[in-house]
Amino acid sequence: MPASSATAGSRTWPVNAWYVAARSGELSDQPLGRTICGERLVLFRGEGGAVSALEDFCPHRGAPLSLGFLKHGRLTCGYHGLSVDGQGKPCAMPGQTVGGFPAVRAYSVVERYGFIWVWPGRADLADPDALPKLFWADDPDWAYGGGLYHIACDYRLMVDNLMDLTHETYVHANSIGQKEIDEAPVETLLDGEEVVTRRFMEKVSAPPFWRAALGGAGLPENELVDRWQICRFSLPSHVMIEVGVALAGRGGYEADHADKVSSIVVDFITPETETSHWYFWGMARNFAAGNVALTESIREGQGKIFSEDLEMLERQQLNLSTYPDRRLMTLNIDAGGAQSRARIQRAIRAEP
Amino acid sequence: MPASSATAGSRTWPVNAWYVAARSGELSDQPLGRTICGERLVLFRGEGGAVSALEDFCPHRGAPLSLGFLKHGRLTCGYHGLSVDGQGKPCAMPGQTVGGFPAVRAYSVVERYGFIWVWPGRADLADPDALPKLFWADDPDWAYGGGLYHIACDYRLMVDNLMDLTHETYVHANSIGQKEIDEAPVETLLDGEEVVTRRFMEKVSAPPFWRAALGGAGLPENELVDRWQICRFSLPSHVMIEVGVALAGRGGYEADHADKVSSIVVDFITPETETSHWYFWGMARNFAAGNVALTESIREGQGKIFSEDLEMLERQQLNLSTYPDRRLMTLNIDAGGAQSRARIQRAIRAEP
Amino acid sequence: MPASSATAGSRTWPVNAWYVAARSGELSDQPLGRTICGERLVLFRGEGGAVSALEDFCPHRGAPLSLGFLKHGRLTCGYHGLSVDGQGKPCAMPGQTVGGFPAVRAYSVVERYGFIWVWPGRADLADPDALPKLFWADDPDWAYGGGLYHIACDYRLMVDNLMDLTHETYVHANSIGQKEIDEAPVETLLDGEEVVTRRFMEKVSAPPFWRAALGGAGLPENELVDRWQICRFSLPSHVMIEVGVALAGRGGYEADHADKVSSIVVDFITPETETSHWYFWGMARNFAAGNVALTESIREGQGKIFSEDLEMLERQQLNLSTYPDRRLMTLNIDAGGAQSRARIQRAIRAEP
């Protein structure tokens, strides 16, 4: 019985959903082994570059297929040479007739927006139309840069983290944090399929990250600004955060494009095990989109900032694993995380 | 239910007792996370420098408070900014009314003799008068130097180790060991609250450590000496060892101060988990007390000697964990450890 | 109850058999701790150089005897000085009468052919005549070189590996692999106590390893050759592989000594735990036997080639541990491994 067929009660993630398993650039001419949602996968590009996701387990002797190699669009096991196609069907093995060989389990997979999306659950339910729409991904007015972290904590602790940005004041005090964040009232609401939590700050000084962004966009760096953060959670575990600052008094979030800098923090949070996950982080922006050096500089800065969360999250996990029955508090600032977890829980229960 | 409330049967240490949790110098302007007796603690100095010990678990979301910071004598969680006072009472959190917040568990704690003492058990039973009296700690005629080791074995293996110094002949052959130790008869007796095991050697040559001490005290290094070792165990797990050499025939332990060098090996052995402990080692001496360089040189030498026990103890633990039901031998040389363990066992059983 | 007395059903190896525990050269004037077949052993040379194997557990306080030292042919515990003889009998301890001390468990052990062989099971069944005969080990016309790897997988995965050399085509593509291996038919047969699996290739080009060997023997390196591989498994887990190439058309395996180069790949595979083993690998050859530099060069090359299997085997183990109930395939190429495992299984069941 594959791990994904475990009873829903024992799982902490829905399986009939699209998860980011890799960035497109991670797949070249070598197979890539990666565990997502408890499933050990091998990802690779077959003929014409189409991506496949198979169980990373050769039916012959259990060797990991990810140690194999690609030839003519087929994945060949590096131990004894069984080769399979993108659907996991055995094609050839030296000296063998493979007609009766069992197939390798194949997962539904789609490459879109620069990411490889995998559906760990029932293949017959996998619908590419259910993929999130990332309007900025194919728009030349927008630029994107991002990275990947492996973090040893329950993926839902990262959802909590991103749906409550008051932590910026403490964890990211030197870059994007400022005391006005946790002083501004936070509002959480349900918007169709999304959980939204948002905060607006008026007439504040811009923190270092945003001063640099203002400068990069040709705006004055040291004037007061209106600042906003609008976090949007959607199933199974994506968090898009609209963030930005406008010169104070020009309309804030609604200000004219010329008076503000804004971007979308892009977070795909993919469970690996019950206590670890893959964190695909990035930023999409619609200012200076053609400035590749700026993209790289923002990517580097964001990577540094987001790495500040790692120790906190991993040690929070240690504490929660030590005291699993301890009740935590749910404050107004936690409503975004709590509502998101409720959505996740409902999705798990509703699975066929 | 806090770990310390576990039934006595499953614990290997008493909890209603004072344990050394840190050296005073370890606490400056940062909180310190440390597990003792299975309790995950954060230690810090509040207003006026008074030391507090709280559970290292923020009641908000379970973050470790030891990753936070100190401000105005309060400990602020580094994740979302809840700050608590030295008794664990929530004081403030941006945008929140903390009146109804649960308190963080506080432990009884006393700073004395250069150490931070924690009482992991019931706070209402914690009595500062029950702290051991260390007469040398505040006496200007005495000097002290010491250090801390983390050792992956049951703390009682260290008690055994220190209550039977025949091991010096083997483990510390090049510094304080000599064949006369395990040839001299050992005597074990109960002295009030203490278990005492002692050994006297007459007309022996001084081993390297003691030759250096004789030299440091201005005595001849190469004459024969009378040597003694008097180990005193007291609950919960302190071992003070009077050690010294006198020029042979001058009265040994009772010799005139001018004819001997002596000191007290100071050992506070604090359980961390069932199979690991914190070993606070040191030496107090009443010769050349003002010689800071000598203090440092002894500290360094002792640190090197005591580190020789680590591999033996940790691999002994591995053996005992592999064969938990194997019966060991209890010889006359083991009587000190055996009596000490009996005291520990009785103390555990007697706990309320 | 010693681990070796566990019911046969829970063990994956026979215990009443000779296993290689060390190479002779590993034992000098220090004891050596090593776990084989789940037994924690200390190996050492006693008086006159005779080898002993005892349980690595001092009966006094459970210290590992392998941290001790040798004196007058006795092993002395490095903690409190109990010394035992090669049969595990306590001989002396300072200040103690050891007459009533329990003995350390001793294992039957033989040194032969440059290896230390241990019988982990019942000593009364240990018969030195049951040791394998290694005719080449004492023959001056033969040279041997080898090494030792610790591999984190079930020892039977290594038996499978060596009893099916088609993996050379994939794992060792750059040294001894060639496509003709997995194209040549393989034959598996039972030959008395041995499982034999063999393969003959005619008129193939010699792969790099064999070209070098031809050169080393003064034969042309670039001519077509006939090649053979004859793998012989014998209980409990030894695999000897006759390998070689002859200039094409000179009779192959039966060719005149002047027209071929051949050798025996020597593999002793000793379980450590259920999921790890010691792999004693080497090669015995009867060409240029006096060429020490060639021995070393072959040893180095073989070490490099055999290290290519490690990652595959250890990750195969991870896959099998994750999916313990998954059925694997048994093809004709796997018959050698399957028959060998059947022999092992039968031997375990037949144990007294």
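Lettered A, B and C in written order, each chain numbered from 1.
We adopt the following convention: contacts are C-beta pairs under 8 Å (C-beta built on N, C-alpha and C of every residue); 3 or more make two chains touch, one makes a residue touch a chain.
Because the structure is a prediction, the values reported are computed rather than measured.
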| item | value |
| --- | --- |
| Fraction-based call for subunit C against subunit A, same above half, different below | different |
| Between subunit B and its twin subunit C, rotation from the CA superposition, multiple of 5 degrees | 120 |
| Separation of subunit A from subunit C, taking each centre as the mean of its C-alpha atoms, in whole Å | 48 |
| Per-residue overlap in subunit C, given as positions that touch at least 2 other chains | none |
| Residues on subunit C engaged by subunit A in the complex (per definition of touch) | 160, 164, 166-167, 169-171, 179, 182-186, 311-312, 315-316, 318-320, 322-323, 326, 328-329, 331-334 |
| Of subunit B, residues touching subunit A in the complex | 40, 56-57, 59-64, 67-68, 76-81, 94-96, 101-102 |
